[in-house]
Structure formats: structure tokens, C-alpha cells
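In what follows, subunit A forms one complex with subunit B and a second complex with subunit C.
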Partner chain A sequence: MEWLTLTIDGREVSVPKGTTVLDACRMNNIPIPTLCHAPELTSAGACRLCVVQIEGMRNLPPSCVTQATQGMKVETQNPKVRNARKVILELLVANHPLDCMTCQKMGDCSLAEYAYDYGVTGEVYQGEKRNLPIDSGNPFILRDQNKCILCGKCIKACSEIQGKSILDFSHRGFDTQVGPAFNLPYNESDCDFCGSCVSVCPVGALVEKQMVGKGRPWEVSKVQTTCPFCGVGCNFDLNVKDGKVIGVTSNPDAPVNGKALCVKGRFGMDMIYSDNRVTTPLIRKDGVLVPAEWDEALDLIATKLGEIKKTYGPNSIAALSSAHCTNEENYLMQKFMRAVIGTNNIDHCART
Partner chain B sequence: MTNSINEIPNTKVMFVIGSNATEAHPVIGTKMKQALAKGAKLIVADPRRIDLADHSDVWLRLRPGTDIALINGIMNIILANGWEDREFIEERTEGFEKVREAVQKYTPEVVSKVTGVPVENLVEAAKIYATAERAQIFYTLGITEHTCGTDNVMSLANLAMLTGNIGKESSGVNPMRGQNNVQGACDMGALPDVYPGYQKVANPEVQAKFEAAWGVPLDPNPGFMIPDMFEAAVSKDLRALYVLGEDPVITDADANHVRKGLQALDFLVVQEIFLSETAKLADVVLPGASYAEKTGTFSNTERRVQMVNQAIKPIGNAKTDGEIICELATRMGYPFEYQSSEEVMQEIAKLTPQFAGITHERLGTQGLQWPVPHAEHPGTKFLHEGKFTRGKGQFVAIENQLPAELPDEDYPLLLSTGRKLSHYNVFTQHSPSLEIHSPEELAEINPLDAKQLGLEDGEQVKVASRRGELKTKIMITERVPVGMVFMTLHYFDSPTNVLTNGAYDKVTKTYEYKVCGVKISKV
Partner chain C sequence: MAENQRILVCAGTGCASSGALPIIDVLNNEIKRQGLEKTVSVVGTGCQGFCEKGPTLVIEPQQILYTRVTEEDVAEIIEQEFIKGERVERLLLVDQATQKPVSSMGDIRFFAKQHRIVLHNCGVIDPKKIEEYTARDGYKGIVKALKGMSPEEVMEEVKKSGLRGRGGAGFPTGLKWGFCRQTPSDKKYIICNADEGDPGAFMDRSVLEGDPHSVIEGMLIGAYAIGADEGYVYCRAEYPLAIKHLGIAIKQAEEAGYLGDNILGSGFNFHLKIFEGAGAFVCGEETALMASIEGKRGMPRVRPPFPAVSGLWGKPTNINNVETWSNIPHILRNGAEWYGQFGTEKSKGTKIFALTGKVNNTGLVEVPMGTTLREIIFDIGDGIQGGKKFKAVQIGGPSGGCLPEDMLDLAVDYDTLTQAGAMVGSGGLVIMDETTCMVDIARYFLNFSKKESCGKCTPCREGTTRMYEILDRITKGEGKEEDLDTLENLAITIKETSLCGLGQFAPSPILATLKYFRHEYEAHIHDHKCPAHNCTALLSYSIDVEKCKMCSLCAKNCPTNCISGDKKTNTPYVIDEEKCIKCGTCIEKCKFGAVTRA
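Presenting the complex of A and B:
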């Protein structure tokens, strides 16, 4: 691999040939603000927030689409660069609702983070505001186009991650919108509800509907785990607040799937709290299943299985283990049948 | 899978047969679409016009249950054109001559007649697959859920070996496993003939090893497979059944027969997170914990063992399934004294060669793909590099076979079953959001059949087979060919498996969920 050496903010750094200036900065812990960039998507160079000054270049090039070259001299934080970014942010904020205190994205909003960092007031440019209807006609995704900054990441996620391409820009200039064809609501479009668009949205335009009002980012702990809904083995983060799962978010480091998930993995976690959960042991008495204590239920099973084993032999007892349970639990179940009951009558749904 | 999921975006050719990946394995479906965006070619063999068929270079719309004829026909064309990989056949396989003889009679014309696929599509598919630099086969239950399922799989193995498309990166045979941990349940020996790691119960050395580890004498005779259990229950050879996290009344073919078996038992225990249809028949129901409430591991379809991390306490009075089994074993006089699931994994690693190098700590956030034979081993990305497990790859000559029950005068439509994107087996109806999104069965029927029966889109109908009947709404669509009906297995109100046939594959005893005869009438 060929390596290049360049200077960023006076620091000499080496990166592999083919690296963008943005990645060169990030590899070396030099922060650059971005709104339209995501590592798993192709770069658009659309938001221009990642501009830097490069010696010998006339304008401020966007670092996400500029290749690093040997001997390049880059400045990322000088007043000219910071001022350019601030103007972009002022323009975005001029057309953005400032209901941050009730916005679901508060605490995790890139626009708010950079606006704070760059001292954006929202008072520099005054003008018309959008007043578009909120798309809430589906149980999964809440879409507020008034908060959309037109970064285009959701469009790329839909086409490059999901291969679906149902989203695109429509109209022009101030009226530009992002959405399905004819600006249909999601539930009337061809949307799969994979939620990849939500996972890349930098602002509050696309949020998980189930999580609205359920918790702020700083109140939530994230637990990486493996999805229970098919054999692909996607990983994601369960978002937990006060001992309750409030939703699922993508974990970019998930080994199989990265940010991609399907509708079940991302939104089906509400089955945990289904009213149909069995929450206490049940024993059939007089033909009806009635609640019982654990000791009573387990003693009854131990006694009955013991009696049946004694009377009819161990092979009169069988078990179905579970393709939904963990490896450890399946191991214990087959060991229970083989070592405790004394039979190989153990199977599961692999064949059925 | 012999390959890894993340090899898919870089593959050159994908042959997807009997797999509706974008719905049943959605994120694998997205990886396939990423490969297409990079210029990969796609062959789809499926009677239904699934989403991938619309993205394919060749769509082989075969008649259900004619997979062997199709594959033999493709092999016939490959051999006739000299597209086979002679070096691979010579060095890595045996038994090729018998296959060459067997496929001779499967000429393109004969196969076209049997399968309904035009000759030019057969030739095109054979050419794309056999002449690719690297090609992968993907299949799921459309291949295995037939009375000839094992032979279907062996046919695909023949095809891969014929063209040398196995044992390399982005080149192999990839069954995509259905449930989240069906791979792991098999790996852990939740099967009647093997201990963990596929070590045979009938092998005296293996038996001695587990007897020494567990300190009790063990039975060398394989036990009942699932279909045997219901038979044995009816004949009173089986008296008690312990069902962990399964709902066979809904998920097993010929559900009425299953129900009869369960009702004949002296004692039925069901350990579940929901009050399932099977739980409703139980003598004792034990509340287990969901994935969010426990720590352990799942093994995915690419053999990746990954952590499941507890996020919340079990709901109500529920306990983790592992804890329940331990308490019961202890009460029955064999103490299971594990402090954590990690300790269970340590015992698994000691007894299971493929898991020898696995600990929860090593799995971390990225998991490991078995085989992991020792503590420093990085895991195995793809299988069969340079050599098959048995040494040489065994070609097996396979003849086409008819399904156990085809449509006839009384039951003129062919029912096939599968999944849809918005649901997973019989779990997700308990998710309020998924239930709102996709609340009911919509049996797919071709417009010509609907017209003949005088049915309207969305109409409630009665579907009946020789074994049972149900009511469902219909969706009129050309996704299904004339004469075919498609239903999912997801809905309690339209329990499709009261219709399906309990006939099964002679080796695996997997039911023929994909083909049976039904009739539809107005309600």
C-alpha cells in the first residue's frame, strides 16, 4: 500500500493513497463537521460543512470529496474556514424550526451540535419558513419535513444500503423536499420500513416513532445485542431507560449488518411488552390453567417426569428445544434430556 | 453457509433458488442488491415473482417441486458446452461419472417440459453460472421443505462441484438458516442423534467422552425426530413432552395431527414467553425470558457466534430459560450449578471441537465464526478451502421426484407457504407495531384463478385441503402463477399448517410445506 504524507493544522500525518482529506483528518482525531457524510455511503459533497483550506487551491474545497495528496497542506480551523461553515449553518438554521426543547433528536442532533460550536444565533438571516404536514401514518417512522436540511443521506441509504431507491429530491430551490415519489406518505409508498433512512438522519426529520417522548439520549443506555428475528444475525443497540427497552438503534460496528436492519429488527422489539407475555407459572387445575408459584410448578414437573420415567422408561419422555433460545440454553436442554432424563429424545424445529 | 454474508457484495454471480431473501432474510437481500449495484449477475429460480426475480438477469419460473429436473438440466447444458471445471472434478471430487450418466437424459427440451422453464432461459442460466469467475448458490426452505429436500440439496452440491464453485471467497453453497439460532440449536446437539458439535451418540468413543464429562451412563441409541414424537404420542410410546420456545401447533405441517398427538400425552410442559397455541394445551406453562432479558449467544447462518446481552430484567415473574432448566435438573437429582451462561459456554468449549476457542470475552462485539479450534484461532470465514470435510467431494446421481401430493380434481390448486417481510414465524404478531402494519393473512392467488372462482381482491374465502380448512382474505396478484396459491405461516387466525401435508423427507423428516393440494371456495 502506498502512503502519503500531508500536513494538517501544522501536524504531519501519513495516510494510505486514496484517502480523502476528511478521512485523513478523522483518522488522526482532527474534528471536521459533516452533515451529508456517512462512512457507509458515497460522498455527495452537498452540505459543504466539511470545507477546509488547502494551500494552492483557490476556494475552500469540501474535504469529503477531496483526495489527499503528497505534501498537501491543510488547515481545518482557521477563521476563513470557520466563518464559511458558520454562514452555512446560519442559512440552515434560518429555515429550521427552533423547537429543540421538545424535539426527539435533542442531544443527538448534528445541526444543534454544530450550531452551538459555531455560535450560530438564528438571527442573521430572517425569511420564510416551511409549513409542511408531518407524515405519521405508519407505526414506525415519524417524518417531519420542516426539519429536513436536504443533506440527502436518507436518499443514499435507501438506494445504497437497502437497494430500494424509493426516496429522492423533488421540487426546486426553497420548495425542495425529500420523499417517496409524488411525495406520498411512507405507508402509501413502496417503503420496506427498514429504517436505514432514520439511522442516518442527522436532525429530527426522521425519528423512530416508538421512541418519541420515551427518553433523551443522555438518559438512555445502549446495549448491543443480536436480533431474534431470523438467521442473518444482525446486531443492534437496545435503548434502555429506567429498566425498560424503549427502542432499537443501529450500531455502526455491527459485524454482519452495519447500520442496516429490517422492519422487524428495528421496530418489532415492542413484542417484549406484549400483553400476551406469560409472566408467571401456570398449572392446569380442573381443566384450567391457573397461576402458580415457581416451587409448585417445578416440583410438579420434577415429580411427574420422575414418575413417568420410572413407570415407562426414559424414552417415554421427549423434549423440543428451541431455535429461538441461546446456545447455552440449548446445550443445557440437551444435557438435561440426556444426562438427567436419560434419553436422546431431543429435537427442535431445524427440520420442521 | 460455506461463505460469509459480507462476501455477498463482492460476488460476481448469484444463483438464488427457493429463497425469497429480500423478505425472509432481509439484510442478506440488501447485500445481494449491493452486489447487483456493483454489476453482479443474478439467476433466480422460483415459481413466484419474488422481488429478486424483478432484479434478475434470468428468472427460472419453475413448477413447484421440479428443482432436481431443473438442476440436472442445467448440468446437462454445462457438460454439453464443456463449461465444467475438469481440474476441480479431477482433484477434489469422486463419483462424477455416475452424475454425468444420470443427467444425460435431462436434455433442455425434456427439462423445459417438466419444469415449464423455456429452453433459452435454461441455457442462459447455465452459461452465467458456469462461466462466472466466482459464483454462489443461495437456497433456503424452497429447496429443503420437500419430500425430496435432501436430494434437492445434493443436486445443488453436484452443480457447485461440477463448476468448481465452492471452497473460495464469494464462491460456495449457502443455505440461509431460518430462525435466529437454528444453527446454534443444531450446533449444541438439540438433535436426537448427535451431541454438541455433531458428535454422534452412536459412536462409542463419543459416548465415553460425554459419560466422563457428565458422570452418568448415556444412551447410544438415537431418539425421536419431531414427526416421530407425535406418532409416538398417539401410540402411547411417548408419555411426556417438554416444549421449550416452540409452537408446533402452528408451525408444524398437518397441525390437526400435531394437536391430536399433544392431546394424547399424559403430561405436557411448555416453556414460552407468550401463551402460545401449544401452551394452551399444556399441563404446566413456565414463563421464559425474551432475548432482551438474558445473556448468552446465538449462532447465525454464517456460523458466527455472537453475544446476546441482557438489557432488562425478566418481565414479571419470568426467569431465563437457562435458569429454569438448571433448577429443574437440580430438583431431579442432578445439580446444574452454573453461575452464569459464560460458565455454560466454558463447558461447551471443552466438549465441542468447533467451539474450543470460544469464550464470551473473545466474542466481544464482533463474534467469531466456527470452527474456532483453539483460543488463538481467528475463526473461519469460508469452508472447504482446498479440501472437503470428508476428503473428496462426493457426487451423487439424483433423479427427479414428484411431491407427495399434487393438485387433483378435488383439490385443484397447489398451495405453497413461506414468510413475508413484515413478520417472523409466529412471534411477531405479538409486536403491536408490526401487527398494525401487517395485521392479517393475504393469500396470493392468480387473477385467472380468481376470475374462475368469481373472487374479488380482499375477499374472505375458505381454503381447504384433505387435512383441514381455514378462512383467509386473498390478494389477487400475478406474483403467483396460474394454479398456485401462496400463504404465510404467521397468523393465528389463518393457521396455514392445518392445510399443509405431513409427508416428509426420508432422511431429515422435514415436512413438505411447499407443495400440497387445496381448494378455495366462497364463504
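Presenting the complex of A and C:
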């Protein structure tokens, strides 16, 4: 691998060829604020918050889309750069509701974090503000376009992670919005509700509806786990407050799935505390389902299957396995049917 | 009486909207009626450049220009010119300096100082006829290239000519072609950017309307040099006549064997299509333009990769604008050395400007690079309307800047103008007189830029609106002490951090007016006065008792009844400033100059 040496804020650093200036900084613990950048998405270079000064370059180039070159001299914190970032943040905050106290994103909001860092007040540019309706017509995603900073990450997540391309920009200039075609609410669009858009939103424009009012980021502990819904093995973080799961968020380090999840994994956690949940085996006695011990239930199943096989032959028995199970469990199921029962009558819900 | 006389009627968009098209029919009927059809013919041409005086027509070969012609004038013109051999004096142009009518185009200041290379055929030929183009050496450039020059030699010739892109940035054309040529690929495209969008600029439209074959020939030569076999002309849909004429020209060129496969038996293939844009200003930016052709939302993307490496459909692509392409045939035909004699050392050739505003002669003018602003405004433009005082020239459209009087002797070329805080841009020249408020002008251009921002990058999307709001406040007399610092800091940040040229140059009108006309901003903010008496909210009207004859005309015409007084009781007429809406009707109505505006 070819390595390059460049100078960042007077410090010499070496990075592999093909590294962006942003990554070169982050590899060396030099903080650069970003809003539209996400490692798993292609870079748009749109928010312009990551601008730096590079010797010999016109204007202030955005570090996320500028390739590091041999001998490059980069300044990331000089007054000119910090002033430019502050102006950009002031512009964003001037067109952003300042209801942070009640915002679900408080404590996890990139805009708030950088505004604090750069001493932004939101008072410099007073003027027109957006006033768009809130989209709350679906059970999963709460969308407040007034908080949207138009970074475009949700659009990229929809097309590049989920492959659906439901979202795009509409209108122009100051009136620019993000949304499904014709600005339909999410529930009237072709949205799968995978929530990838929510997982990349840096502000409170897209939040998990189920978690609203349930807890603040600093009250929540994140427990990494594997999704039980199917055999893919997606990882995510259970958000736990006071011993209770209040929701699910993507874990960017999830080895199988990254930030991607499906609607069940991300939003299907309410079953944990459902009253309808079956917690013990049930045996029908005199027409009524009665709770039973596992031993009793398994004995009963073994006896019944044995009787049927003996009386009617193995091909009178069939099994349908489930996507809820892991690959290993599904393998065991077919092995059981073929080797123990002696039939090929085995199928799977995902195949039918 | 001379044989084969022609009447060239300007049928470009400007003159057509002033009523030129019916004049052509009336001329033909009248020629027939007077039995002249064997010696006199009528040609509907493209733009002759003198739009403000339209409809215009030129009698050839004598080169007599008639202006503001109406259908009723036709019979008289035909009779005077072709039967009596005399002029219709009242339709001739009056020279503002001598106050005398001038008939011959050679004597008209507007034309005398121009040097027409790109506009060589505009207003002279019928753009719908390929034979009229070929009769004036058309397609000789591509023939020369295909019959005796290698693509490298063609590229070298263009490089040597010193031609720089006429779209605004002034990048050397030959060098740009070279980048695209060097990129290995099985497919390359060339594009003609005809998405002309600067307010007031219409040179590209006029070239496409008046001489479409020159653009096709330029693109053919470029395609041959670069190694492209397919091209697009991206033209805004608001240019229906340009699209129509270009469509006809493409068809004719295909039939004549200049477009298609195996052109002129050379083995070189080139196909040309028109793509109609929906009118977004930002689509003039090359990456947004290509996105638009691909069917995507017209938004710029970051460069690199540059179009020469990855352009349309991911293939190497070269984009030049109409005027640039239209220069190419002349360079090939006459050689780089010939071309190099025009212009300055670093800005070769000519540039077309759309001269508009408070100047006597407005229209399309083509001058050698290096001509001074003073020559353009006071010679070609014949000075300021109504004898008023010149204040500033806005050059380069919404991305350009305003230059004051003491910069009138600047040579118009890429580097000089950029240094002065303006730019050649696409070539808009708006002349302003003492009644123009420079804060209001900046506000006007910012209103344009904010509406045309695509919304992708933060500084341009949010910042243009905030700059506009500050300017709007200042023109309303609500400016605050800190506004100028805020405005300047915002403008510089937007310039330095925006993604594309639209954003980077949107603050130019502000930065240039702050540089040269800061006192006007200060007068608005500190004194609540508009020095040009233009900003309504800052005006106050009063009646001079000495001059007032108490005729009551002002009071009778005041739409808000805010003027009171009575002759009988000798009560002087006064204006109630609370109720006054500053419409200016009282000033217009007063016969004694008793109402004053301050």
C-alpha cells in the first residue's frame, strides 16, 4: 500500500493513498465537524461544515470529498476556518426550531453539539423560518421537516442501504424539502419503514416514534444484541432504561448489517412486554389450553408423533420451519424430520 | 436601380415580440403590389443586435438601417427605397451626439466599433437555410479538419488561438479539450451549454436563432479533436425559436452529410441531439446540466471527478457554451494566428455583450477583448439615456459585480475584470445612472440568486436568503449598525464555502457594491436616506410653499388623500407623511415643480 505524508495543523501524519482529508484527520484524532458525512454512505459534500484550509487551494475545500495528497498542508482550526463553520452553523440554527428541551434528539443531536462547540446562538440571522406540517401518520417514524437541515443522508440511506429510493429533495433553494414523491406522508408512500433514514439523521427531523418521551440518551444504556426475528443475525442496540427496553437503535459496528435493519428488527420490540405473549407450553385439555411444563409437552409430542408414524407411516407427517429460527435450528429441524421421522416433508416459511 | 436588393428583417425573439413577423408578410405583399418581386427579396434573419430599436430592417447592399418599423411604414419604405431611391428619414436612427439621422450602418456608432466574428452571420443570413451558411464559408472549417488535419493538429490550432471559454470562467478551451481527449474510453460525449440564464443576457439565444450551423460546425470540429461521437445541445425550453432553428439546422446538416456516420467519407461519426432544460439557472453549471440530461434533479455535484474524466453517463465529456463553440469554425477556417490578432495577450478574440440598462443604444454587441468599458458604453452605447450621469456598470450578471465611473477605462478581459471584483461572465452589461440605488441593485441580484439556488449546500441555500433579507431591511430603512459587518462576513463565507459557482459568486454583487459604493449603504443605515432617491420607504415628499400655486391638482390626484390645503382660506397645501404611500403621483401632476422628493 502506498502511503502519503501530509501536514495537518503543523503535525506530520501518514495515511494510505486514497484517504480523504477528513479521514486523515479522524485517523489522527483531529476533530472535524460533519453533518452530511457518514462512512457507510457516499459523500455529497453538501453541508460544508467540514471545510478546512489547504495551502494552494482556492476557497475552503470540504475535507470529506478532498483527497489527501503528498505534502499537503492542511489547517483545520485556524480562525478563518472556525469562522466559516460558525457562519454555516448560525445559518442552520437560524432556520431550526429551538425547542431542544422537548426534542427527542436532545443529547444526541449533532447540530446542538457543534453549535455549543462553536458558540452559536441562532440570533445572528433573524428572518424567514420554515413552517411545515409534521408527518406522524405512521406508527414508526416521526418526521418533523422543520428540524431538517437538508444534509441528504436519509436520501442516501434509502437508496444506498435499503435500495428503495423513496426519498429525494423537492423544491429549490430555501424552500428545499426532503420527502417521498409528491411530498406524500411516509405511510402513503412505498416506504418499507426499515428506519435506515432515522438511523443516519443527525438532528431531530426523523426519530423513532415509540421512543418519544420514553427516555433521554444519557438515561439509556445500550445493550448490543442479535435480532431474534430471523436467521440473518443482525446486531443492534437495545435501548434500556430502568431495566426496560424502550426501543432499538442501529449499532454502526454491527458486523453483519451495519446500520441496516428491517421494520421488524427496528420497530418490532413492543412484543417483549405484550400481554398476549406465550411464556409456557400450552396443552389442550378438554378443549381448553392449559399451561404445562416443557417435559410434559415434549413427552406428549414425542408420543403422538410416534403413534402417527406407526399407524399411518412417516409420510403422514410434515413440518414447516420458520424464518424466526437460526440457520442452525432450521438445519436441525430438517435433520430431525429426515433422520428421526423418516420423511422429506419439510418446508420453510420463507420458501413458500 | 440595383439588381438583387434584399431586405433583411430581424426575426429574432426581440424583434419578433415587437411585431416583426407580420412585417415580413406585409413587405412581400407590398413588393408584389409595386411589381418589384424580380429585384427585391425579403429575408427573415436572426438577431441584428439592435433589439431596443426593433423591429429593425436592413436594405442590402446599401446597408441602410430602419428602426422601429411598423406594418404601416412598409409601403412608404418600399416606395422611397426602391422606386424613388430615397430614405424614409423619420425611421432612421438619430445619433444622440449630433442629433442627426444616420442611415448607413457603417456610420452608426452602435455598429461601427463592433467586430463581428461570432455574430458574422447573425442578422445577415436566413438561419433556416443551410445554403446561406455554406455560401458564407460555412462548414469549410470541418472540411479542412477532416480532409487534412489530424485530431491533434485541430486541438493544437485551438490551443494556439488562445480561445477561452465564453461561459464565464474563461478556462482555455484547447486545454479543456485536451483533458477529455486524454481520458481513455470507448465512448465520449461533447455538450453545448445553451442554458443561458443570466438576467439580461441573450447572446447564446441569438447565435442559436440566427446562426445555428456555426454551433453545429464548432461541435463537429470539437468532437473530431476530442474523439467523441455523440453530442447534446442543452437548451432551455424558454428558447423555442432557438430550439426550432437548431432542429432545422441539425436535420439539414444530416441531409447534407455533415452529421451522422462516416461524415464526408472520412470515417468520422457524430450524432447531435437537442435536450430541452426546464429552466433552472443552476443547470448551467456543468455537473448539474449533466444530471439533468440523465433525468436526475439538476443539482451540482462535487468535482473531482471532472466531466473530462467522468461526465455524462459516467463517460468523459467536454462541455462548452454556445459562443465558445461558435468561435471554433472561424479559428479553423482562418487559422489561430488570424484569431490571435483580436483581443489582448491573455484574452484573445471577441466577446459578445448584452448591453442593457440606462444607455441610449441597447442590444447585442461584439467587440474585441480589451475594449474599454467607456468605448462600449459611450461609443457603441451612445451614452446615458436622457443625458443623466453614469453611475455604475453591472457586469457578469448575478455572479458579477458593479464597477464605478473611475473604472470605465478598464479593458474588458477576463483577468482585468476579475481583479476589479467583477467578471466577464456570460457577458451581461447593465448600465446604471444616478437614479439607480446600488443597495437595491444588490438586493435585486440576490433575489435572483436565492430563487435559483438549488438547495444542496448550506451556505448558498440558507445564506442567499439571509443576505437578501439584510439588504431588503436596509432598503426599507430598517438597517442596523452591525448589518454591514454581518453582511460582509456572510458574503465572504458563502463565497469561500459554497459547492458550485452559483453559490461562490452569488455574493459578488454585494462584495462589489460594498467595495465601491459603501457610502450608499451607510446613508441608508445611518441617515435613513437613499442617495439615488430610489428606495420608497426612505423617501419623503414635501410641498414648497413658495412655488405652490394652490392649484390643488396634487391633492385631487393623491390616491390616499393625504394632501390638504385650501386656496380660499389661503391654507397652504401640505402632505401628511403618515398617510403618504410615496407613490410620486403629486410630483408627476405638479406643473410648478413645487413638490420635492428627498
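By definition in this document, the second predicted complex is superposed on the first by the 277 of 352 C-alpha atoms of A that agree within 3 Å, B and C clash if a C-alpha of one lies under 4 Å from a C-alpha of the other, contacts with A are read in each partner's own complex, and residues count from 1 in each chain.
Simple rule for what comes next: a contact is a pair of C-beta atoms (placed from the backbone, for glycine too) under 8 Å apart; a residue touches a chain by one contact, two chains touch by 3 or more.
Bear in mind the structure is a predicted one, so any value in this text is a computation, not a measurement.
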Dominant toucher of subunit A (residue count), subunit B or subunit C: B
Which superposed partner A:245 touches (first subunit B, second subunit C, both, neither): first
Partner chain in contact with A:280 - subunit B first, subunit C second, else both or neither: first
Partner chain(s) touched by A:264 [first = subunit B, second = subunit C, both, neither]: first
First (subunit B), second (subunit C), both or neither touched by A:11: neither
Touching partner for A:46 - first (subunit B), second (subunit C), both, neither: second
Subunit B versus subunit C as contact partner of A:255, first or second or both or neither: first
Partner chain(s) touched by A:169 [first = subunit B, second = subunit C, both, neither]: second
Touching residues on subunit A, where the partner in the complex is subunit C: 43-49, 51, 59-60, 62, 65, 67, 83-84, 87-88, 91-92, 94-95, 124-125, 127-128, 149-150, 152, 168-169, 171-176
Subunit A to subunit B touching residues, read off their complex: 138-140, 160-164, 192-194, 210, 223-235, 238, 240, 243-245, 253, 255-257, 260-265, 267-274, 276-284, 289, 294, 297-302, 304-306, 308, 312, 314-352
Subunit C residues within the subunit A interface of the complex: 280, 297, 299, 301-302, 304, 450-459, 461-466, 469, 486, 489-490, 493, 495-499, 504
